[in-house]
Amino acid sequence: MTTSASSRSQKDKFTFGLWTVGWQARDPFGDATRAPLDPVEAVHKLSELGAYGVTFHDDDLIPFGSDDKARDACIARFQKALAETGMKVPMVTTNLFTHPVFKDGGFTSNDRSVRRYALRKVMRNLDLAAQLGAHTYVFWGGREGAEYDGSKCVQTALDRFREGMNLLTTYCKDKGYDLRFAIEPKPNEPRGDILLPTIGHALAFIDTLEHKEMVGLNPEVGHEQMAGLNFVHGIAQALWHKKLFHIDLNGQRGIKYDQDLVFGHGDLLNAFFLVDLLESAGYEGPRHFDYKPSRTEDYEGVWASAAANMRTYRLLRERAEKFRQDPEVQAARKASGWDELAQPTLGAGEDYKALLADKSAYEDFDADRVAQRGFAFVRLNQLAVDHLLGSR
Amino acid sequence: MTTSASSRSQKDKFTFGLWTVGWQARDPFGDATRAPLDPVEAVHKLSELGAYGVTFHDDDLIPFGSDDKARDACIARFQKALAETGMKVPMVTTNLFTHPVFKDGGFTSNDRSVRRYALRKVMRNLDLAAQLGAHTYVFWGGREGAEYDGSKCVQTALDRFREGMNLLTTYCKDKGYDLRFAIEPKPNEPRGDILLPTIGHALAFIDTLEHKEMVGLNPEVGHEQMAGLNFVHGIAQALWHKKLFHIDLNGQRGIKYDQDLVFGHGDLLNAFFLVDLLESAGYEGPRHFDYKPSRTEDYEGVWASAAANMRTYRLLRERAEKFRQDPEVQAARKASGWDELAQPTLGAGEDYKALLADKSAYEDFDADRVAQRGFAFVRLNQLAVDHLLGSR
Amino acid sequence: MTTSASSRSQKDKFTFGLWTVGWQARDPFGDATRAPLDPVEAVHKLSELGAYGVTFHDDDLIPFGSDDKARDACIARFQKALAETGMKVPMVTTNLFTHPVFKDGGFTSNDRSVRRYALRKVMRNLDLAAQLGAHTYVFWGGREGAEYDGSKCVQTALDRFREGMNLLTTYCKDKGYDLRFAIEPKPNEPRGDILLPTIGHALAFIDTLEHKEMVGLNPEVGHEQMAGLNFVHGIAQALWHKKLFHIDLNGQRGIKYDQDLVFGHGDLLNAFFLVDLLESAGYEGPRHFDYKPSRTEDYEGVWASAAANMRTYRLLRERAEKFRQDPEVQAARKASGWDELAQPTLGAGEDYKALLADKSAYEDFDADRVAQRGFAFVRLNQLAVDHLLGSR
Amino acid sequence: MTTSASSRSQKDKFTFGLWTVGWQARDPFGDATRAPLDPVEAVHKLSELGAYGVTFHDDDLIPFGSDDKARDACIARFQKALAETGMKVPMVTTNLFTHPVFKDGGFTSNDRSVRRYALRKVMRNLDLAAQLGAHTYVFWGGREGAEYDGSKCVQTALDRFREGMNLLTTYCKDKGYDLRFAIEPKPNEPRGDILLPTIGHALAFIDTLEHKEMVGLNPEVGHEQMAGLNFVHGIAQALWHKKLFHIDLNGQRGIKYDQDLVFGHGDLLNAFFLVDLLESAGYEGPRHFDYKPSRTEDYEGVWASAAANMRTYRLLRERAEKFRQDPEVQAARKASGWDELAQPTLGAGEDYKALLADKSAYEDFDADRVAQRGFAFVRLNQLAVDHLLGSR
């Protein structure tokens, strides 16, 4: 299932976090099942499999607490691997969750010294992100939250969150970094409730920021699905706000712990419509796989799982293209009123006064008659199932 | 458990929808178990129980399809009851979900004629709301959504939703109505996925509206909990955005169908912290109970359930006041860093350059040592449990 | 997508409840969107579409409260339709949930007179089921439950449930009816919590019955998925207990209200493995679709949705057959230890003493070395995705 | 909040796992925040707080891979602590989940050598359990499961599970150990889907075992609630089957990752009714707290959280006793038909023939009239809320 480097097209833009293939498979009830993976090996191997680039948290590349010399050596080895493979680093992020010091959060820890430290840790890594040519910097506030409703004043915590984001956007602007920020929402785990739990909450928060034009979203399939929310709807709203700066693709099987399965190994129909949306809406960012190779797998399984992500995406893209081009689908969409929804509710130049004057809109409107219209949504969905199954 | 009218204080501001006590208990698998309730009787009975006011959908008061004469008669009888009891109508809303014509939505139906009809239906009822002195007009878009990801372009649907809201705010402004709009989010049911599924998504949407200052939220306990979200966190974020215009109180037992139980008959600890938040944050709007008396109850049970909502709220308010005033709680909060979070992360006048220059913030920061701090959140939560249980 | 009657094979055994295509689409927030459907028309139409038979609740066929004459007329018309089409009635069931009298349950209502009435209602319909040649009688206790933990002593309620089941099995045995009972579990909706909420709880209950050999299960896809449980696992356990007497196929999109979508329009990967299991485990009962045509559909959409259920099942069966026969899949299964699991843990004739004596099993067992084995489950799953997508 | 040893009554029987207070707070996204806790210190400290005993997995007491000498030393130190404090060890269990060798399970791993090793590991620890006077041996099969529906034949896996249980019960019987087994169900985490996911599934499984009288359940609050199931209902069914051998008390806030909060810090109303059930049904086993002190806590917080579990249980027991004794509650229960449910549906000596002959049961039954009865469940629930809040 591997792909030669030459087929690594701009179109695909498949990227992987170092922490994905490098996950050692330690879970809440079990020890690591895999040896550590050298980031350099990850770069080479992912390149061979046809990926476009890699991403990382600071601590994935440079062990927490490294001194400057050790840090520089890590970076140099990594850059060499990038140069040898042509792999890109489109996105970088900060680890503000593993070390115990972040147990009550980074930007919103009740401990002020932790908040200051967190900001410094981010700034240091922003420099590296800019140096490596990244264009997106992700903020996953996995520890910003609480288990108990009385632990924290949420309004105050949001003040601190905003304070941190404002400082960091200012820093980047002053430095001239060509970086946009992308907030990654998650409802819970590892905290009982995480701040900015969904795409919506994060979008609303962004609107309050000083340099809000610099800040968008990095939604993750499983994170929205952990709240039972429709990921396609969420991405559509993010696109509508022009805030889909980056995306994390993976698989989740319903409302439970964060599974981080291979893309498509969860809700496959939703994945199909997601790819359809991304491809037809002109999303041009990376297709970033933020998944975990299952704990049962050895490294052969790790690489098979990395390849599976890309293979499934490509298959779904093919199926979605054929779906959109199928005349029967287009006719079914038309019958369902898909196009009619694109027509404004008011006519050209019409205002509420004109609407009030239109008796056909209310006084003469026969609700019972209009109610008889069938929308034929089931038929349209079955056409999608048919296409997804490759049976048309 | 009843309360004399004289005790109906401004402070309580307990209100009920006509559709709550008037719910005939028809459910997806069963027929009505209660006879219809005359809105006039509802007003009198709720007044006797100590409520401050009532709210309604147009069709609760005036049967769908009534002609003008019948409509006027309904309104006149209702106003008489209000006058007799002193009950207020602080909020009014529109039914855009019961009639089959709305089966694919009101503002976002794929059928354009339905969208136009929906806007007219709202405008007509806005006039009545203004006439009755309401200050809040709620929009629950329960039918704005889809069962299938291919039924509707969500971006286009949001365009239509915004178009509708813009028209209606303009209408109210032109008319000089002293009304604010409040959007009520819900993740699903009756549609598979509803647009603007959470407090966050609705907040983000509002930010795109023409007269966004006029539009806020009417969050409902059970609706957020149906997505597994923490209602206290959601309300706190709504308050932070200054968008808590109204609130729907009820009970829900986890992620399942919409239960609309009595307030407090769901997640009681969360209800305690909710009341604590509302009371301490200075929320001054109605405490609106949007619940359904269980299908097993006769009218005696209906009125007992109405009283139970108010009784539980008052009990929780009492407990929360004592909780906040308990010196041991205050000390425990302090120990947990509650106050420390209110302190800005940057010092007065400090900017990122000063932070970068502060070696104690990073270079000399001993993460392992600071990590040893215990936040004592469990103790604080147990104090809340103690207060809630009336055992302190 | 229709199928001629001649292709209505024994193999397919597709059946539909009269209440499925006949659902008028009344939901908790909306009125009916479709006119009533004559059962006779349902039989003819489903026959044309290629179904094998129909099923019904007493009240689907004979309006509640009909006198004997009206009842006989309903039955006669129905039997005529069966005779004309060759359609079978493999299963019948009782409606103990729609009428308000059942608001606190049938067999476990706190009202004893209701319990007695419920038993009589079932007995009367058992006679009809036997007369029509049904072999399975389903018990869905949708109203047996509670909203509040103090409403009912669950142990006592289970006593009453058992009392009822024992009476009814005795009745059938005495009458010589060739009927087996099948309990249909559901976790909630329309009650807050329903008794016997999952496949497991019902299996355990059955083991306490007088004629337990006569009683098995009728699991429904969506019902288990409403509890976040894996339906394939549930069906496998039911088969293991030899208690899969009947099955309800439909679609559900996660933990929320009961959606009753078309089979495959929910978790498609799980549906694929379900069909694989049913076909390979030799399940010979009906493939019964218990779904609801969406409320947005007119009757054209109803029939399209009925056809969609059967089409999806057939497609999945095709895909699953190819999956099982693919040599690469068989090799991958072998590599994953699928076959090794079938080998007993003890050798032939081995007992615990022999196991204790086997030093290779413990004293000389190198846990760290054995732990290195990769199970290659991801690769196997991707092969399933490939087959499901028709890409192999 | 501490209690002198003298108050450590038989009545309370509060026990804690060594792994609870000893949890170092490593989670899927973070490193340990607390130093290891010496089991001897745990015994002394819990004794001071008023606990009745402790429980453990083999590896909690004896590090995995210890040789016999090290093992004996661990046991001796532990026994000394028990002797010094008078603490009991009512339950012991095996760790078949932490070491990577168990990544695909213990009794049902696809690797046969792992299955053999797992049985040996259990047998070894059964000897220790018997030696320490434990009467219950718990089986939590947290790794028995799968992420993918094609990884494992569930029927075959259940064969292996049963094979293992049969071998182990035989072993105990032969050895004359006074031990009963208790299976602990869980729906998911750390596996995507775990075998025997709920109380019901485990009960059904037990019925197939060779020495089923020796095998019962150890249900855990959070595990059932992770599937959205009502824990009180589950415990009631377990009691009904006479299979509640042990219980794990903790707190969970809805359907999400396994939180293991302090008992009562989740669904408080359900916890109230649980205590009411346990106390009134005569459950005499330990009240075992299987919780995790939050990751934000230091050791002071750990001990505060341990005390909080016991305090909350005692408070709820007090409240429940007053609730049951309140004449108004008793009257309300009677009005709701609580007692009527205890009356058999058939009269003394009545059989189905007599029921068929009773016209009042069907022919003369006025369903519409009987349907008017209100069950007054909301009032009863509000009385429970009142008692829980200490306001009566």
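For this structure, a couple of remarks:
The chains carry the letters A, B, C and D, assigned in the order they are written, with residues numbered from 1 in each.
The rule is simple: a contact is a pair of C-beta atoms (placed from the backbone, for glycine too) under 8 Å apart; a residue touches a chain by one contact, two chains touch by 3 or more.
Since the model is a prediction, treat every value here as computed from it, not as a measurement.
Contact count check for A-C and B-C (C-beta pairs in contact): higher for A-C. Chain B and chain C have Cα centroids separated by 38 Å.
Those residues of chain B in touch with two or more other chains are numbered 33, 99-100, 103-104, 147-148, 151, 187-188, 192, 226, 228, 253, 255-256, 265, 269, 294, 296, 371, 373, 375, 377-378, 381.
If each chain is drawn as a node and touching chains are joined, the picture has every node linked to every other.
Across the complex, chain B meets chain C through its residues 25-33, 97-100, 102-104, 142-143, 147-148, 151, 187-190, 192, 226, 253, 255-259, 261, 265, 294-296.
Those residues of chain D whose C-beta lies close enough to touch chain C in the complex are 65, 99-101, 103-104, 107-117, 119-121, 123-124, 146-160, 163-164, 167-168, 170-171, 174, 187-188, 192-193, 195-205, 207-208, 226-230, 232-234, 236-237, 239-241, 255, 269-270, 273, 276, 281, 333, 336-338, 340-346, 351-352, 355-356, 358, 360-362, 365, 367-368, 370-371, 373, 375, 377-378, 380-381, 384. Contact residues on chain C toward chain A in their complex (touch as defined above): 33, 225, 228, 253-256, 262, 264-269, 293-294, 296-301, 304-305, 308, 311-312, 315, 319, 371-379, 381-382, 385-386, 388-391.
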